[in-house]
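Alright, structures below, take your time with them.
There are two complexes below, and they share subunit A, which is joined by subunit B in the first and by subunit C in the second.
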Partner chain A sequence: MSTWIDACAPDDIEEEDVIRFDHGGVTLAIYRLEDDRFFATAGLCTHEAVHLSNGLVMGKVIECPKHNGRFDIPTGQAKGAPACINLKTYPVKVEAGRVFVDLG
Partner chain B sequence: MGTEPGIAPGIVPGIVIIGAGEAGARAATALRENCYAGPITLIGEERHLPYERPPLSKTAMTAADEPVAATILTDDQLAAHGIRHLSGVMVTDIDRAGHAVALDDGSRLPYTRLLLATGARPRKLSTPGAEAGNLLYLRTFTDALAMRAHLKPGIRLVVIGGGFIGLEIAASALERGCSVTVVEMAPRILGRAVPAEVAATVAEAHTAAGIRLVTGIGLASIEDKAVLLADGTRLDCDAIIAGVGAIPETGLAEKAALAVENGIRVNGQLQTEDPDIFAAGDCCAFPHPVFGGRRLRLEAWRNAQDQGNHVARAMLGDTAEFAAIPWFWSDQHDQTLQIAGLPDEGDTTVTRDLGGTTLYFHLKAGRLVGASAFGPIGKVAREIRLAEMLIAKRAHPAPAALADPSVKLKSLLAAEALAA
Partner chain C sequence: MSQSSTITPPQTIQRRDYSLVGEEARRAEERGLASAEWYAAPIPRKQLKELMKRKDGPAIRDTALWIGALILFGGAGAYFWGHWLAVPCFIIYGVLYGSASDSRWHECGHGTAFKTRWMNDAVYNLACFMIMREPTVWRWSHTRHHTDTIIVGRDPEISVKRPPDILGLLLNLFAIKTSWFALGKLLLHARGRLNAEEATFIPEMERHKVYRTARIYLALLLAVAVLSIGLHSWLPAMLIGLPTLYGGWLTIVFGVTQHAGLSEDVLDHRLNSRTVYMNPISRFLYWNMNYHVEHHMFPMVPYHALPALHEAIKGECPPAYPSLLAAYREIIPAVLRQVRDPGYHVVRVLPASATVPPATQPPVDRLADAA
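Up next, the complex of A and B:
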């Protein structure tokens, strides 16, 4: 069952950037890519639980600010050591000028 | 199965790695990632699976529960990669002519290619009284457990040495409720690797948190429960920790007549003068192409990772030069110090206001050679990472653009890409 949560306005996230979004004890990272697509993943790096919202988005890759673990944003796939475990991803939709995430 | 470089079929001793720390463990894994199919033996003196050292001075000290080592390679992963791990084993000699190493159990292990990832050991204080054995040093997980046992709430701790390790331990000890004094013999903390302006901000954070910093005064002697300074000050305490630098583990290389020059001397491929012996991590001194071939030896987690990855490819015949930009961090009191490049190469400093945190750019004849900042990770990390990429591109950004917070570093990077 879908549980769409109103997370932010599209312009709360700069192009090719990421913000942190907390809801019900879950920390997410919500991304806006250069082509204005939005994605959401688990907010903490799978290597050492560092907030990915402090990391750098380059293209469609997020890089952890602490140890440079890299993940593919659309799929959450870890791109090599030290990040070896994929990020959980969450569905995102933009509707009526708001960004919604589905926490499932 | 892959073919060994330079070895007749049927005789495949494989790759032997001495040292199971970050560089050695990373190299072992990277060999498999680069499709090497021969035998890999990873030899470590410690009786642990390979583990990460950065947490030793931080979470291993502050965690409420007894800490466990942050394992890099589990038994399952070692088995999956086909890596043979010898723990609690010391290499006593390298027989270069015979292409074999001698182990402390009397056995011999042949190699096709050998990697020295022997790391570094804490420098020991030579102050009178320092040899008595009450001083604590930090290198291994076992050291961390011993240190942690001393850091009880209310005890008086003296940390000798105001470098990264000393300051991280001081911050951790304060968090555990110890009363902490840091003694640094030099006029300021953090030494040459960190610009004076940044070091001053770090010093302020420590003082504000309640740590007493004593700088510019030498040591006279060490007693069981006191540190005596050259100016006559007596610091009574319950525990003494020394963090006064590290010495590269070069003993085996020297015994094997390999060149040592503040670390095992290697070329741009991390190869020693013996073409079948390589070195990586804290133990090696390598020339850096981005800084005019300046010979560096770095004691940093990221360098160990980068060199582990690079040396694996080099041992398989890749001739690319190692050119990763030096980068390191140090966490102290919920803030992070991050440095990219080599600030001490710079002749000019440009600052950018990150909203309460200052980012320092270090330029040499207009070229960006370093960047440094101390502040919340959310303000510091991305900007330092982008600066690192600009340094790698040997960029000459306009100082006015660097100083202006409204000019995104990403746009400067894009401009470099267009220019190239």
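Up next, the complex of A and C:
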């Protein structure tokens, strides 16, 4: 069952960047890519619980700020040590000038 | 230095347990020192993003210079083999091989030196072989070093323990102790085994890489030895293998400045790491790792942006050491004193304007507390 949550305005996130969004005890990372697509993943690195919102977005990749573990943003796939476990991803939609995340 | 002070030692001082599977490891977890939240200097996100930006250009330029110099001085050493002119050639070649490789494996291991991933991986693997650091083992060991920097019982890369092993440090000027242990580990890993400490930080799914690489390293070293014996000449070994030893001294000279003599068990890199100003040649050889406080605080900032990061946050940090000599004026007396007084360490004083460290930071820097 979908549970769409109003997370932010599109302009709250710069192009090729990420912000942290907390809701109901869940921490998410919401991304805006260079081509203006939005994505959401679990907010903490699967290697060690570090907030990805402090990391670096490079194209479709997010790099963890602590150990430089990298994940593919659209799929959440870990791209090599020390990131070995994939990130959970969440559906995102932009409607009426707002970014919504489906926490399911 | 003026920014340092000392602490009176307690009456009973005990040697701490630096292993990752001992009592101190358990205590570090109990005290909230494992995988803890560390202080980070406030810096606007926009500015940090700019500093974190990856480029291929600086590392391609520096790698071309490095490889070019290796070929030039290695070739000249081989050309003049048997003549005294070979000596200076091999001194320079050795430093480029056995010492400059230290910062190359390190930066490329973080994946920040180049923008292009395969370039990081290629230089990482080459430099790891040069300095005899198994790539998978050291990738994970260094990951832990960044999680738990100088936390006793957690950090596998504390190079100067208390009390310090002075003989070991001197032997490591020629990488003798480190290479001896590295060889022992290669033999262990080639048999498909890890030691108990390595098992704490290398995940199961990565271990097959350790075993495979150890076999490749041993095969390469054996091939060089066979070639040297076959040719009745030290020359092949002088070019591959031995430079790790005879050229490794600068690794220690630079590396000891990073953390030696400073606090253990603090969650603030300003207190357990040093930033030391160095000349351009040293910074080329060391790829700016002299900005060590900055590197630990923001490890995703590439080496070529560390001087700019230093400028951005230096108001939050203790003063940088003006030179290598200035750093050693502090380190040598501190380390020598720690031989008889392991509780002693240098306390870095934060500027009055600096941001207060997190309230969660345990006020722990006495061995008496750990007893």
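Please note the rule applied: the second predicted complex is superposed on the first by the 104 of 104 C-alpha atoms of A that agree within 3 Å, B and C clash if a C-alpha of one lies under 4 Å from a C-alpha of the other, contacts with A are read in each partner's own complex, and residues count from 1 in each chain.
What we mean here is this: contacts are C-beta pairs under 8 Å (C-beta built on N, C-alpha and C of every residue); 3 or more make two chains touch, one makes a residue touch a chain.
What you are looking at is a predicted structure, and each value in this text was computed from that prediction instead of being measured.
Novice: In the superposed arrangement, does A:R70 touch subunit B (first), subunit C (second), both or neither?
Specialist: In the superposition, A:R70 contacts subunit C only.
Novice: Counting only touches as set out at the top, which of subunit B and subunit C does A:H23 meet: first, second, both, neither?
Specialist: neither
Novice: Answer with first, second, both or neither: which of subunit B and subunit C does A:G55 touch in the superposed model?
Specialist: both
Novice: For subunit A, which residues lie in the overlap of the subunit B contacts and the subunit C contacts?
Specialist: Touching subunit B and subunit C on subunit A: residues 48, 55-56, 63, 65-68, 81-82.
Novice: Touching residues of subunit A toward subunit B in the complex: what are they?
Specialist: Against subunit B, subunit A makes touches at 16, 48, 50-51, 53-56, 63, 65-68, 80-82.
Novice: What residues of subunit C sit close enough to touch subunit A in their complex?
Specialist: Touch residues, subunit C against subunit A: 35, 45-46, 49, 52-54, 110-112, 115, 136, 139-140, 143, 146-147, 203, 205-206, 298-300.
Novice: Given the complex with subunit C, which residues does subunit A contribute to the contact?
Specialist: Where subunit A meets subunit C, its residues are 14, 17, 47-49, 55-56, 58, 63-68, 70, 81-82, 84.
Novice: Would you pull the subunit B residues touching subunit A in the complex into a rising list?
Specialist: Touch residues, subunit B against subunit A: 26, 29-30, 33, 70, 301-302, 305, 309, 329, 377-378, 381-382, 385-386, 410.
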